């Protein structure tokens, strides 16, 4: 691995689990990056990717639980994990604070994911060596 | 794959100005846009549904890589109609991305 | 009522094709006549030797090969699309019938579903 | 309107609000159908369309609240409204009963939408005069 | 539009074996599939993004309708490059769907 | 760091194009150099005279015309795509600059974003 100089990645995920392959490919990439000694500065969920932060997704019992795989990886590696607040609210993803603000009786954003603005992504664009996008395929 | 081939991947990447990562299936408008911006000195990595381009054909003089697990999932091999394609794993994809000047995710 | 369910989405990159096939299986489970047609990149669902475990997804190949047992009338595939992806019958799951996609094809069915 | 013999429609929606135009077009169609004296047997949410049943979607204040528009229309017209349970669970939509079964501490399916199987759609295929599909466009 | 034009729409629909309703933009693979199955005696209704086909051109001998609100949203009129297109509203779309032998949503 | 944000999704049928434009506006809001490129069906975002209120959606035309005020460097449009959709500069919002989409175009930017 010494041939590759360590860099820092931000991974942007714009496809939902069990709808697109994006969260799966991103996780395989993330694990390989960490193994190779690279840093992951941030995981940023945008567009339909915010559904990866849902605490209410009930994966079929015979399929991999991508929510749990991602949550565990993020927690183990202590990677800041952000879902875009604008994408999230319009797609029915709210955390405790937004639930109060919008007077909803439930919330469904799974920590360690946090709802924050696109400024987090801009920060990655200026500070990470590479920003990669894991998107839906041609599904729709 | 061996560690030396990972190093090779990184070595190859350093020659490429832009690493284009495509995940759309053949026929998708994004595929045409990707190919229209692909320089002969760039590299193209086919991932997810884009690996189906190995079956339908791909017209480029740029270096072409394809993600092995996505090929296997779809019952394809590197020699499925397309010549000169280099099969890589996630480790090599990371090395290519880390070594490239710039990446574009199509 | 006979229904044609068309699958024109590629395998594994999205779940859309699976959800179309679930509709076909559901019709069959309720004893409704149903036929599957694979078209465009969708014909790649039919390729023999798929190993989706490599990307941690479930295989559909065996389900498709067993389509008649589940009560699905036929597995049709657009001849042109098969050629576009270098497929002939010997490289497909068993029981695939190539057809030409033309207006008369739809006329054979009471309903057409294409998600 | 007398030129058109009244028929019964089932409307299947497979695109999410604020992601695709599908729920909007479907509602305009539904309102016009009811005005013309046609019946709507059922609204069936499938695929990404299940997000229309979310109780936690917080629409931007300067955009139409499609969740409320649809809920009000369904309640006024007393149209059976179903979200496919398999599509819903894998996309993070659970009702009270499924929340208990999957041991989740919240639920987010807005009544009058109910979670039921594809058998409801099959029933529509055999009994409605026309089944129409309102799908995502070419967004992905 | 007037009620009589709604009745006209239904009358036209009754002549069409299949009412094809397309919402995908030009260039989408689904557009090709729709056109490949469109008989000269069928009717095609362009809704949502599909109305952009009036700007890019559409080669069919079938009757073509386009949803007015979707045209207006995109700054298009029926005479935008394409001739013989009939602009309808949601009421007329309902009448066409109710009057057709069969509908296909592409 | 200068960023090219590419919009190749059609207007109104999906929100994807808007979410791309939000990214461009966000970069501009944080004083990062950013350019928008419209390609394929995406060029239809640029057509003058859009009335999305007819389908109860928000207009973006005025925002695009005001792009320089928001700090967006340029509104580029693929010349071929403009022709494909019968558009010339006079039918577009003001300030659109036609370009040829080719490899050298990307070389002018440090980063390219295409959702």
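Going in written order, the chains are labelled A, B, C, D, E and F, and every chain counts its residues from 1.
Basically, a residue touches a chain if its C-beta (ideal position, glycine included) is under 8 Å from a C-beta of that chain, and two chains touch if they have at least 3 such contacts.
Small disclaimer: the values here were computed from a predicted structure and weren't measured.
Any chain that touches chain B and also touches chain E is listed here: C, F. Common partners of chain C and chain F, by the touch rule above, are A, B, D, E. Put simply, chain A has to spin 180° for its C-alpha atoms to lie on chain D, with the angle rounded to a multiple of 5.
One simple way to say how far apart two chains are is to compare their mean CA positions; for chain A and chain F this gives 26 Å. Inter-chain spacing, taken between the CA centroids of chain D and chain E, is 24 Å.
For the pair chain A and chain C, the distance between mean C-alpha positions equals 33 Å.
Counting partner chains per residue, chain E shows two or more touched chains at residues 23, 25, 27-30, 48-49, 69, 105. Residue positions 10, 12-16, 40-41, 55, 57, 111, 114 of chain C each touch two or more of the other chains.
In chain D, the residues that reach two or more other chains under the touch definition are 18-21, 25, 47, 86, 133, 135-140.
On the side of chain A, the complex with chain F involves touching residues 14, 46-47, 86-87, 90, 117-119, 121-122, 125-126, 131, 133, 135, 140. Every residue of chain A that touches chain D in the complex is listed here, in rising order: 15-20, 47-48, 51, 54-60, 86, 89-94, 98-99, 102, 104, 106-108, 135-140.
Contact residues of chain F toward chain D in the complex are 9-10, 12-16, 41, 55-58.
Contacts from chain E toward chain D in the complex involve residues 3, 6-7, 10-11, 21, 23-25, 27-28, 30, 47-50, 69, 89-91, 93-95, 97-100, 103, 105.
Contact residues on chain B toward chain C in their complex (touch as defined above): 23, 25-27, 48-49, 52, 55-56, 68-70, 72-76, 80-81.
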